[in-house]
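Both complexes shown next keep subunit A, but they swap its partner, so subunit B is in the first and subunit C is in the second.
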Partner chain A sequence: MDVEELKKRIEEALGGLVKGIEEGKGFIDVIVDLDNIVEAASRLKELGFDHVKSLTVIDYPKENRFRVIYHASSYLDEELAKYIVGIGADVPRDNPRMPTLVYVWRGVEFQEREVYEFFGIEFTGHPDMRPLLLVPQLAEAKPLRKEFIVKEEPIIRVKPPTG
Partner chain B sequence: MSVWVYGEQKSDLKIEGAIARRIAEDLYEVFIGPQHPGSGHMRIIIRVDGDIIVDADPDMGYVHRTMEKLSEGREWIKNIPLFERMAIHDACNVTVSYVIALERILGIEPPPRARYLRTLLCEINRIAAHLYGFGIFGVFMGHSTMYMWSFADREVMVELAEKLTGARLTHSYPIPGGARRDLPQDFPDQARKAVRYFRRRLEEYRKIFLDNPVMRSRMEGVGVIPKKVAAELGVVGPVARASGIKYDARLAEPYDAYDEVEFEVPVFEEGDALARAWVKFEEIKQSLRIIEQAVDWLEKHQREAPMHPKFWERSPPLWKKVFEAEGRVKLLPLMANLKLPPGKAMARSETARGEIVYYVESDGKTTPYRVRIVSPSARNAIVFKYIVPGYRVMDLPTIYGSIDYFPPEADR
Partner chain C sequence: MSGDGGRVYVGNLDRSAKRAKDLVMGKLRMGRAVDWATAFSLWPVHLTTSCCGCEFAATWSPRFDAEQHGALPWVGARQTNMILIEGTVSKKMACAVRVTWEQMPSPKFAIAMGACAIDGGIFYNSYNIVRPWEIIPVDVYIPGCPPRPEAVARAIIELQRKIRQKRVVSKWIEEGWRPDKEYVAPKEDPCSWWRG
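Now for the complex of A and B:
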């Protein structure tokens, strides 16, 4: 099975839900509407993509959106294991909410908590929506958003004393 | 009222800093870590009924360093030493997939010699990391001989890595388009000697640890993860392979020289702590095989610059002179301000603890737009929540050690 065939299979399985397919190097992203993401993810799971490798979120402040992608692959189907297929949607920056996919893939539970603390995206229906890695005060700053700037201490060169 | 916890009388809710808290009739909350000797830089909040765990909540983040954010402010090449800090004893495996992602965006492939050199270091790292894991596992279970032995034997592999790269840990060896150094002349013989030593030594490990009746009684049937559950939770590496999932990033998407060397991926069906220990044990044997093959290949083939011609041709004459005289590739000056074309790439590699995934997005600048890292321990942490309940408190160190959970890598 090559990439083209895989795309065809995904399009068949997802039907009219597909808004667009973006090809990256080493993966494919299937973009759907935010309202359809749970349905699309369930169909992708039925196809054999049984686990999520990475819940990737990218912040595009100029376009006022987050791109949220669940990069899934397969353990039990060796043919599908060669590919990483992402199912994603755009989440508006001013209303960062989306339905949880925990009930589709149990493995994303901790990663959704991570996204919640770093980007402030709330997953409605998540069983345990609290920060995972950060303390609550830091989580409020949403450190992975682009407007959060890390202040680094500069390297200061001091001339050695002469004589 | 007062209660008994671990044979010691503690006043309930009245003493500040008490480790146990009564939350319901016959139900107590116990904090394991972060200073508990059996946990490392991580805390597991467990609720116990008698000594049966009924609920576990892993509390991570004690060694979190925001690597994903820090990487956005650093040049492409400077992120390699940063990401190595996730697992310093497994440095090559952890960073090689980041480098491969960069190569995919650049559209280049390293020359064969560089691919074999990287594979060689990856396997040296894998053995060292597994021995580290065995050592920690041993000391968790009170088997101090295993701890002493594996930490001492790990030195052999660390010294091999030092000989190859110049650094015992944090080698920063793979760079986009190649590797940093070529083999020293006496490396092949030393590597073969190490392989012979380990083959003999592993047999002793088996006798004293894996086939030790005391250890077996503590590991067998403990922390069982059935195959379906393992796939559902998305666990990786030896944890998944001990549950019957035949998945290895080296097989699924061969990188470097893994499609040219011969090796097997050990898979066990039982899914318990003992099976996880056996997977690691068998993997060390396979890594020894790969080291032998890589060293043979490198010895047989003529030396060439382990760097993609696109970069190597643009290197100053001094660099070429150093390479001819010492077989050493100095870091090319153009690497410091390397610009990547806009694009996005994903790459995965198999570290000792499992698969690590990088998502890299470039917008054409000298720094990344976004790097997403999902490390194996971060994906395995969910096991504590869903597998630990139902076992006894005394089984917790066994499960923790067998998963080989490594907090700095999980927290990133």
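Now for the complex of A and C:
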């Protein structure tokens, strides 16, 4: 199975849900509407994509949106295991909420918690929406958003002792 | 001690016997023996904060065998007297480091290992790290990213030299606090996030 055939199979499976397919060297990103993402993800799972490899977010402050992308792949289907397919949606920046995909792919539970603490995107319906790695005070500052400025530390030069 | 053609050198036995006799007869101060004993029983607590822990493990592996210096990693904080900070300390880990430090019985010592423990290393300018010297008093720093096991062994020897030459432990016991180093208290509670 080559990439074109994979694309065709995905478009067939998702039907009218596909908003756009972004293709690059070695990857396919399927973009859907935010309301349809649970439906689209469960259809992808039926197709054979049985786990999520990573969950990533890109912040576009000028366009006032986040792009959330789940990278799904397969363990059981040998043909699909060669590919990683991204399924993504745009989340508005002023109301960062999206439905959780925990009940489609169980493995994204901790990754969604991580996204929650670093970007402040709330996953509605998530069973345990708490910060994962950061201390709660720091998670409130949402450190991976573009507007978070890290305090610059000066480089201190110490004079070597004479004699 | 070193093996050389099947022979093992154990030092000057006559001299050691004389010093032991002096000690028992009261001619030598007991403090010297305390310093000597502590220097060869530095037991680091097994708290691995970061990736330098691999080098920490290699240091006590058969090839580098840091146990020959009398140091043996131990699990429980209450049976140890040395803490080896391996690399970065994140804000959540700072709480664990300080709690472990408080649990250890005095006299106790700290070695900070790796570039991250000195000034942040690759995490310089980060929002989620704490420097170890902000939370506990550090005796010896080991530079490197990560330091070789030889460097860790060197730090243990350096700490032994410090203990025996400056008579840190005997003075510590006599005076009740450590005379040659300031007590370090964290400026802000590292566990505040935990208590809510």
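Couple of notes before you dig in:
Please note the rule applied: the second predicted complex is superposed on the first by the 152 of 163 C-alpha atoms of A that agree within 3 Å, B and C clash if a C-alpha of one lies under 4 Å from a C-alpha of the other, contacts with A are read in each partner's own complex, and residues count from 1 in each chain.
The criterion applied here is as follows: a residue touches a chain if its C-beta (ideal position, glycine included) is under 8 Å from a C-beta of that chain, and two chains touch if they have at least 3 such contacts.
Since the structure is predicted, the reported quantities are computational estimates derived from the model, not experimental observations.
Once the two complexes are overlaid on the shared chain, A:Thr56 sits against subunit B while remaining clear of subunit C. Of the two partner chains placed around the shared chain by superposition, subunit B is the only one that A:His71 touches, whereas subunit C remains out of contact.
When subunit B and subunit C are set side by side, the one touching more residues of subunit A is B. Of the two partner chains placed by the overlay, subunit B and subunit C both lie in contact with A:Leu134. Judged by the touch definition given at the top, the superposed model places A:Lys45 against neither subunit B nor subunit C. By the touch criterion defined above, A:Pro143 lies against subunit B and subunit C together after alignment on the C-alpha atoms of chain A. Contacts of A:Glu153 after superposition on the shared chain: subunit C is touched, whereas subunit B is not.
Touched by subunit B in one complex and by subunit C in the other are residues 133-135, 143, 148, 150, 152 of subunit A.
Across the interface of their complex, subunit C is touched by residues 133-138, 141, 143, 148, 150-153 of subunit A.
Across the complex, subunit A is touched by residues 91-92, 120, 124-128, 193 of subunit C. If you check the complex, the residues on subunit B that touch subunit A are 60-61, 64, 66, 68-70, 73, 101, 104-105, 230-235, 240, 245-247, 252-253, 343-348, 355, 357, 359, 361, 369-370, 372, 374, 378-379, 381-382, 385-386, 411-412. The part of subunit A that touches subunit B in the complex is made up of residues 24-27, 50-59, 71, 73, 75-76, 78, 81-82, 84, 105-111, 118, 131-135, 143-144, 148, 150, 152.
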